[in-house]
Structure formats: C-alpha cells, structure tokens
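In the two complexes that follow, chain A is the common piece, with chain B as its partner first and chain C second.
After this line comes the complex of A and B, so read on.
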C-alpha cells in the first residue's frame, strides 16, 4: 500500500485508527476543534491529537443545540459527537477563534460525555503585541490541566520533541506541495487534501514516515488523467474530498489551496527562538492568519496572491461555509484582488451536503470560460 | 377536466425555405432544462427548426421528445443530423449527444447569434435557476453568476403562483401590469413562503392582478440584485422562459433603467441554439482534422 492509499484508508477508518492507537500505545486521545488549537502541547502530553471533523451527511441531531444559521461545518462536527462517533475520546479542546465552532465546543462539553475538557482562551486580535504573553499564560493553564488529567509531566524536552515532529511534518508537506508546481502535477488536489487531513488524524511519527515514502515516489509518479486547468481553492474549512474529486474529474487540477485543512493549517513552522511555550505561542500569533481572528486581510491576501502566482494558477475557486461571516467579509476583497491580477474567480457557498448538480454546472461553466477556445 | 394553469405554450417551427439536403452541415443542440426542453436544428449557419417542450421525468426521454418534435414534418431524420451537442441541467444524460457543454456557455453563444456581437450581458431566467452572464463579441463567456438553490424568482416559482391564483401562466405578465398602483413586492424570497404570503394577501382583499404584480415585482427586484452584482453592460438581453413574461421583463427594465434587446426567433431557445452552434464548430473541426 502506497502512502496516498494509506492516507485514504486512515480517512475512511479514522475512528478505528484512533481506537487502535489507544490500544497499541495504552494511551489517550484528545479531540480538537479549529486549527488554532496548539497540537504541539497536546502531543507533548502523550495524547494523540485528532481533529474533529464532520461527515457530510444530512443530519438533524444538532437542531436542539445550534441554530440552523450556525455554519454547516460546526453543526456537522457537533453531530458526530452527538451520534456517539467520538465516544472513544478522552478529552476535547479548542482555542477560541469563531463563535460558531465555539457553539460546537460548548454543546459538546455539556452533551457529549468526554472526561477531559479544556477551552483555551485566545485574543480575537491575535496580532496584538500583548497576545504572546497572554497566550503563554493560557497555555500554562492548559498544560497544568493536561498534567493533572494524564498524571504525566509535560517537560520542555517533550515540548521540544513535539515541536520538532510537527515542524518536520510541515516541511515534508511543503515539499509535497512543491511537486504541485510542475506542469503536469504528479499528485491531485484531492490526494493532497487527503494527505493534510490525515496529518490531523494520525500520529505524526507515522505520518512523517509516509510522507518520506511519498516524496520518494513522486518524482516517478505519473497519473493517468487529464490535468487540465490549474486552480486554487480558497476558503475556511474544507475536507469534502468527494467534491474535490468530482471537480478534478471535470478537467482541472487543484494545484494549491488556502484553507485550514490545507496550507493555512500547516504552512508555518514553530521558530526556535526562546522557550518552547513562547515559540509555540509566537507560531500561532504569526501563522497564516484566519479571518476569524483578524479583521486585517492584507497579510492573508499577500500570501494568497503569492501562492497563486508561484503555483501558476489559471483560476481560483473561492468557497465559503454558509453563514461563515469572517470569511464572507473577505470575499469581495479577494475577488477584487484576483481580478486586478487577471485571475478569474468562482464563488460557491457550501452546506453540510452540496448540491452536486448545480455546483457541477458552475464549475464546468467556469472551466469552459477559462479555456481559450472552447471548441 | 381540471385546467393546468401552469402550462405554458409549447411551440415548434421549421423553415419552409431551407433545403437541408444540399447543406454542408446539419447540427443540433438539445437543451434539457429542469422545466423545459428545446431542440434546435441548424442547417449550415441557419436555424432550420426548433421546438420548446416540457421536460419529462427523465433526460433521455425529454431529449428524444424535443428532437422528434423539431424533426416533425421536415422529412429529416435523426440520422441526417451530423453532430448533436447536449446542454442544460440534463446534459450529461442525453444519449444522442456527442458532447455536453454547460447551458451558461450555450446561452451566451445562442444570445450572441440572435442578438449579434453587441450583446454583452445575458440574463437567463430558467425553470430552476437564474444566471447573469457576461460575454465577449464572439459570445464567449467572460464572467457569470448564478442564484443559489432557491426556486423563487424562477420559472418554477411562477408556475406555483399561476396555479395558486388559477391564472393561465401566459396571462400572468399582462394581468400583473393591469393595476392602478404598483403594490409593494412580496417580501419572501422562498417560493413556499411567497405562496403563503400571496394567500394572506388574497384573504385581505387584494385582487389577483395586485398579487401577481407584487410577485412579478419581487421577482424582478431579486433578479436586478443578482445582475447588479455582476454589472450590466449594453446590449442587455433576456433568455429563458421568463423572457416571455412582460410583467417581469418590464419591471426589470424599469429598475435597471435599460431596455432589454428583443431576441428573435425565440428567447427560450438560446441554450439549444448555442449548443447547435457548438455542434457545428465541432463538426467542422473534426472534418478539418480528418
């Protein structure tokens, strides 16, 4: 089984994977919401951090807990807890970013039996100079709680080891992304998404080994498909691989992305400058920013454009989870920026389930528009 | 027999002057939409025959029906058509088509053929969705915008309203203009809620004409909102079934302060016509390659 097939297998059997890990390591598993959650600290505690994601199925179990105007991702994630699919979790945490996913956390805390619960407060304006000391203080509280729960001390050595592991993972995934710059990319956008999502579900010691295998395989990998036009995908949370696959079958390849199940999640490493906690806090403060924690869009947009250019994209698909205001506020400005740089955009609004027929028409029409000569 | 108020006039036409036997190319575009289906047959670069018919429960049958109506009384058979392109919501399921192209590209191309290279903005008001399209002088799409899942502001919504008020759908536009004073538009964006709202208005003593005016005006208002997001450049044209509803069209024109350029022979065939034109391009290209 190749690395990509292994990622696909983990995605399909994510709950089994976590439970097997627990048994094998006689360990604990902690679920996290939102990509601002400091996974390094969780890993250093000896627990396996897994991201809580939705299943993209129609559901009605969250209606008693969250308004229908809460973003579909937050509702879908809560539904998984309410349905008991994460019953094996020993703990749950989130770093405060947006109110919708906080609704998921609050309801999870109250209605999904989970032994350890910890809410990491994070300033809404992470760029504030006072953010780092504040976050270090918060992280210290998180560490104390984790130590009490696991009965195991989180040493600086353990933190450094976790940082090293995550940094390595980030570097390796960036190397895979480099291959997407090729004229005929040896890896599809859906496969890359599987790789990144798997990194949020797996033990990174194992994920890193798979990445090393993948990097050996990629130089000789040839895909039997029409790579078509080069697209970028931009938005909030996105792990609907079925959708990306459908899209790529219509004659395009997603060569680069900017979302929190893609580059925005892993791009930035922890820089080793001070003590581990300060370094981790600095990483989350200075990382590729999510609009949920910043009203300033320039830092994000500069990076988006730089990536669009470096990966030579011919069009950008901007999607948003319905009711996700922070991302929605950015969209008109994003479109304008792309327009000024002659990159056409298509905007789609996502729900838990996606109207495939209608979206297919829009994507096909967008690709037809991008083709120089249609016939 | 119960009257089906939602039924619009199905029509077909073929040219008595064109002798297709002498043609270099005979191509066809079939547009299977969510509510109506069209087949347009082109002989060389001229429209030879077309029809507008109601879409049935499945795409292959609807395509077959549209094609056979268009061929009716022409002496032409399906085998005589050298290339068929499918478009519309059912485009992936049209067995006789050699290629499927989206209705967005086809509407632009069809509108460009009927309205000429000056056409820059197309509003396609279909059975289940709305599209604002910009195109260049060759009819190639440069930008487009579609409404979301909701059926309000579309042909399907209009059918629901015609049934509710028991007014034949072809009379809706005219009746909606026959009011002394333009009423406030209905406020609901959802067709189901708009229906409840209309029932409320009737109970409170509004006439059918007033309710229709309120509905047409709401529809026009929503469409203008969509168009303003994409921007309007002249010439502006309207395609799709609702292009035939004077009550909606005149209100759109009034809000936009711009006249829609009339399209002949039929604004509803734009998608099928565009598909037939693409079919012709594909045929000529394949001959050139061979």
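After this line comes the complex of A and C, so read on.
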C-alpha cells in the first residue's frame, strides 16, 4: 500500500485508527476543534491529538442544541459527538476563535461524555504585542490541566520533540505542495487534501514516514488523467474529498488551497527562538490568520495572492461554509482582489451535504468560461 | 374572552425630559462632529467614557444605529439592498447590514444628509461572529484607523483569569497611546476617569431600573424602556444621564409605592432574553390586549446596564460602582483606569459564560415574577441565537414556559408578523390567557 492509499485508509477508518492507537500505545486520545488548538502541547502530553470532523451525512441530532444557522461544519462535528462516534476520546479541547465552533464545544462539554475538557482562551488581538505573553500563560494552564489528567509531566524536552515532529511534518507537506507547482502536477488536489487531513488524525511519527515515502515516489509519478486548468480552493473548513474528486474529474486540478483543513492549518512552523512554550505561542499568534481572528484583510489576502501567483492558478473556487460570518465578510473583498489580478472566481456555498448535480453544473460552466478566456 | 383586575395607570412624569435627552443624544450624533467633537465608531458595549480623555467626542455605537434604521422599514429595506448589491451576505448581523447599507448609500439616518466620516474606530471585540469585521469594512471604506480590544473573557472558565485581565488592561493602555498618536491630542487621565465613573454609575442605575420591574404591577413596560434606553446606552459617560436615570428610578419607586401600573390590565408577565424585532415593536402593544406586560429583557439588563447576581442565594441586586467594591482601588491615573475597566468588564454579567448565564436567566425570571419567557430565534445574530434551544430546554426543565418565534431582529423582510402573532396567541391560549374584552 502506497502512502496516498494509506492516507485514504486512515480517513475512511479514522475512528478505528484512533482506537487502535490507544490499544497499541496504552495511551489517550484528545479531540480538538479549530486549527488554533496547539497540537504540539497535546502530543507532548503523550496523547494522540485528533481533529474532530464531520461526516457529511444528513443528521437530525444537532437541531435541539444548535440553531440551524450555525455553520454546517460546527453542526456536523457536534453531531458526531452526540451520535457517540467519538466516545473513545479521553479529552476535548478548543482554542477560542469563532462563535459557531464555540457552540459545538459548549454543547459537547455539556452533552457528550468526554472525560477531559479544556477551553484555551486564544488571544484574538493577534496584532497586540500582549498576545504572545498571554498565550504562554494560557498554555501553562492547559499544560497543568493535561498533567493532572494524564499524570505525566510535560517537560521542555517533550515539547521540543513535539515541535520537531510537527515542524518536520509541515516541511514535508510543503515539499509535497511544491510538486503541485509543476505544469503537470503528479498529485491531485483530492490526494493532497487526504494527506493534510490525515495529518490531523494520525500519529505524526507514522505520517512523516509516509510523507517521506511519498516524496520519493512523486518525482516519477505520472497520473493517467487530464490535469486541465489550475485552480485554487479558498475558504474555511474543507474536508469534503468526494467533492474535490468530483471537481477534478471535470477537467481541472486543485494546485493550491487556503483553508483551515489545508495550508492554513500547517503552513507556519514553530520558529525556535526562545523557550518552547513561547515559540509555540508565537506560532499560533502569528500563523496564517483565520478571518475569525483577524480584523485586517491584508495579512490573509497577501498570502492568498502570493500563493495564487506562485502556483500559477487560473481560477479560484471560493467556497463558503454556509453562515460562516467571518469568511462571508472577506468574500467580496477576496473576489475584488482576484479580479484585479485577472483570476476569475466561482463562489459555492456548502452545507453539511451538498447538491452534487448543481455544483457539478456550476463548476463545468466555470471551467468552460475559463477555457474560453484562455483561448 | 375574559376580564380581570384593572390597575390605575399614569404616564411617566419624566417622559418628556427623557425624550428631550434622547433627542439631544441623536442631535449630537448628527451634528457633534461638525462642532469639532471627535466622531468615533464602536459597538455599544465599549467603555466609551474612556474617550473623554481626548476631549469632547461623539460615540456612534453601531448596534443602536442599526436598530434605529431597522425600525424604519422604508429606510431599512433600500439600505440593506444597497449592502447586498456590494456582494455581502444576507445572513450576517442585522444591525450591521442596516449600518453598512446607509454608509454605502451615503445617507446618515439621523439627518438624511451624507453619512459621516469617523475619526477612527475603537471598540471592544465582543462579538466573535462579526463586529470587528464590521468595523474593518468601515475602516477600509472610509480609510480611517481602527483599533479594538479583545476582551471576551466570558468564554473562559478554565485557566488564568488574572492573566486575561492584564492582557485586556494592557490593550486599553496601548490604545490610549494609539489614540493620542492618531488624533494628536494629549490624553487627560482625569477626564477619562471622571467619564468612566459616570459610566459605571449609569450602568448600575439602568440595571436597578430594570430590577424595579419585579414589582406587581410592573411600573414600566418594555416598550417605554426601549424608548428611554438611548439615554443609558448613548450617554452613559455623562452626568446628565445620572440625573435623569436617578429621577426615573425614583419615579418608578413612587409608582410601585402607589400601585401605578404600566399596563392597567396586567395579568400575565413575560420577559425576553434578546433584543426585540425592531420593526415590529407593536407586538408588545398588541399583547397588552391580552393583559400581557413585558417586564424586561435580559440583554439590556446587562448591556448598558449592570446588576449583581448572587448565585448561591438565587437573587439579583443592584450593582455597586467598581471603586466602591471591597478590594478595588480608587482610580488615580490611566493605569488604574485601564485595570479597573478590564477587571470590571471581566466580572460583568455581560461576560457570563453559557452555564452561568442559564442560572441568571432563571434568577431574572423569578425576580421579575414572570410567567413565561419569549425567546427569539434571531436569524440576524449568531451569538445570541447559537444556544437558544439549549436555553429553552433548560428553562422548560425548570418549569418555565417558553414561547418561541423565529425571525430577524433587524430585517423587516425576514419576520412574519402575522405568523408571530398567531404563535403567541396560541401560546397564550395554552396558558389560559385570552383577549380581554374591551368595554
């Protein structure tokens, strides 16, 4: 089984993977909501950090808890907890970002029987010089709670090891992303998404080995497909691999992304400058910013445009998890920016499930329009 | 149809004065900038009294402005359509859509003239779903500086609250320096402190006024409270507001002593958690025909007002201004001011966590001697609605009846008035309350 197939397998059997890991390591698993959660600290505690994701199935369990205009991802994630699919979790945490996923956490805390629960008060004024010192103090509280729960001390050595592991993972995934710059990318957008999402579900020691295998394989990898037009995907949470696969079958390749399950999650490394905790804090304060945290367009938009240009995108799919206000605010400004840079955009609104037929038609029309413009 | 006890009623003696003060506040919003006052944008929960250290100012709180526009459909609808034509989504904050719509139209609601250009935006970041982005859009559109204070300590129940207070206080300190730099004005600590003292007193007074509606019959109805609220909401930093709210409080006490009711037919008392649908305030008058009096809404008890909850005793009492609380310092300089404001905000019920808030809802229900809660599933505000079903379930478990309707508090196109009335009438019938026969 190749690395990509292994990523696909983990995604398909994510709950079994985590439970097997628990047995094998006699360890604990901690679920996290929102990509601002400091996975390095969780890993250093000896626990397996696992991102809580939805299942993209119709469900009827969250409406009693969350109003239907809460974003579909937040509702879908809560549904998994309410249905008992994460009953193996020993803990759950989230870092303060948006009020939708806050609703998921609050209801999970009250209605899903997960033993350890910890809320990290992520400073959201990321431009303030006071954010990093506060983040350090917040992390100290988190560490104390984890130590009490696991009975294991989180040493600087353990933190450094976790930083090293996660930084390596980030570097390796960026190397894979570099291959997507090729005129004929040897990896599809869906496969890349599988790789990045798997990194949020797996033990990174294992994930890194698979990445190394993949990096050996990619220089000679030839895909039997029409790579078509080069697209960028931009938005909030996105793990709908079935959708991306469908899109890429229509004559395009997603060559770069900007969302919190993709590049925005892993792009920035922890810079080793001070003590490990301060370095981790600096990473999460200064990372590729989510619109729910930043009150400035520029830091996010500059990076989006830089990536769009570096990966030579011909069009951008701006998708919106329905009712996600912070991203909705950015969309008209993003479209304007792309237009000014001659990059056409298509905006799609996602719910827990999506209208595949309608989306397919719209994407086909978008691709046809792009092809006409390119002639 | 049924009849019942009829209380005596009388208009509020201070009503006219209240209207004049409210008008002054609106006039100031309309012309204050022309008179050389700084015009600052922020959200209503911002401790804007601090701005007094820079000299005279007008603080345009986006939410009450948005509510004013929303209450006027002929203005609101074209404003929101203008906003939507810019590509912004319809499901975002209703207040914001009205505000931004009039800004894009270049029509200032209070004058009908051009929309004012702010000197800067300065606000607490109390709504994670959108308020900082709202101000960000204004800042980009008008090319004005923006700064905000990240202070939602309400979400934290784990960890180091003192660290958060230091962080918030530090941001206030930094923002004073920032304001000095962008306005080229020197910040006068004493003026800032004095205005914030007024602010604290006014919040406590408004909270106390809300609590007086625990009396039967209620001395004031919710619609009249909404009409007077701009004084507490927009003029919290002024002595004139203290004088008025003191007068109003004393008059309400007199009315309680004399058994003067706001609604003479009072026989069923309801309260709310959220703001009302601003374009549909007549719902409150309509329900008076059933003998229903709305005695208060939680949100304005703790937003522009302050009270103290005694959780163990299940009680609520008027708040004390921070400097008079045990263990609090007298403010002498800007460091004290920033620290006091940060700590005050952190301990304010406005910041209560979800689970604490549930307790407060029950305490208020009992204090107001209410018969039911009216819950608005507000499509125009995510944070206020996210956990509404959870609140409903919790209230119902404790035997508190709830009537619920869905709509938008600031988009008249998104509320079915007839449907709402049908639901409420059905609810009241279920409670044994029928329309009172007019004699």
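Criterion: the second predicted complex is superposed on the first by the 371 of 375 C-alpha atoms of A that agree within 3 Å, B and C clash if a C-alpha of one lies under 4 Å from a C-alpha of the other, contacts with A are read in each partner's own complex, and residues count from 1 in each chain.
Everything below uses one rule, namely that contacts are C-beta pairs under 8 Å (C-beta built on N, C-alpha and C of every residue); 3 or more make two chains touch, one makes a residue touch a chain.
No experiment lies behind these values; they were computed from the predicted model shown.
Chemist: With the two complexes overlaid on their shared chain, look at chain A and say whether chain B and chain C clash or fit.
Modeler: They fit side by side.
Chemist: If we overlay the two complexes on their shared chain A, which of chain B and chain C does A:107 touch? Say first, second, both or neither.
Modeler: The answer is second: A:107 touches chain C but not chain B.
Chemist: Can A:134 be said to touch chain B (first), chain C (second), both, or neither?
Modeler: Touch partner of A:134: chain C, not chain B.
Chemist: Answer with first, second, both or neither: which of chain B and chain C does A:331 touch in the superposed model?
Modeler: A:331: touches chain C, not chain B.
Chemist: By the touch definition at the top of the document, which applies to A:344: first (chain B), second (chain C), both, or neither?
Modeler: First partner only.
Chemist: On the A-aligned overlay, A:295 touches which partner chain: chain B = first, chain C = second, or both, or neither?
Modeler: second
Chemist: Between chain B (first) and chain C (second), which does A:65 come into contact with in this model arrangement: first, second, both, or neither?
Modeler: second
Chemist: Looking only at chain A, is it chain B or chain C that touches more of its residues?
Modeler: Per-residue touch count on chain A favours C.
Chemist: Classify the contacts of A:364 with the two partner chains as first (chain B alone), second (chain C alone), both, or neither.
Modeler: first
Chemist: Here's one for you: vertex at chain A, rays to chain B and chain C, all C-alpha centres; what's the angle to the nearest 10 degrees?
Modeler: Placing chain A at the corner, the angle measures out to 80 degrees.
Chemist: Determine, under the contact definition given at the top, whether A:98 touches first (chain B), second (chain C), both, or neither.
Modeler: second
Chemist: Please give the nearest C-alpha separation between chain B and chain C in the three-chain superposition, to the whole Å.
Modeler: Superposed on chain A, the two chains' closest C-alpha atoms are separated by 5 Å.
Chemist: Which residues of chain A are in contact with chain B in one complex and with chain C in the other?
Modeler: none
Chemist: State the interface residues of chain B toward chain A in the complex, per the touch definition above.
Modeler: Of all residues in chain B, those touching chain A are 89, 101-105, 129, 140-144, 146, 148-149, 278, 281-282, 285.
Chemist: Chain B touches which residues of chain A in the complex?
Modeler: Residue positions touching the partner: 344, 349, 355, 357-358, 361-362, 364-366, 368-369, 374-375.
Chemist: Would you mind writing out the residues of chain C in touch with chain A in their complex?
Modeler: For this pair, the touching residues of chain C are 86-89, 91-93, 125, 127-130, 132-137, 140, 146, 148-150, 152-153, 155-160, 163-164, 166-167, 170-171, 174, 354-355, 377, 379, 382-383, 385-390, 393.
Chemist: Across the complex, what residues on chain A touch chain C?
Modeler: That would be residues 63-67, 69-70, 96-100, 102-103, 106-107, 110, 118-121, 123-125, 128-131, 133-134, 137-138, 140-142, 145, 291-292, 295-297, 322-323, 325-326, 328-333, 335 of chain A.
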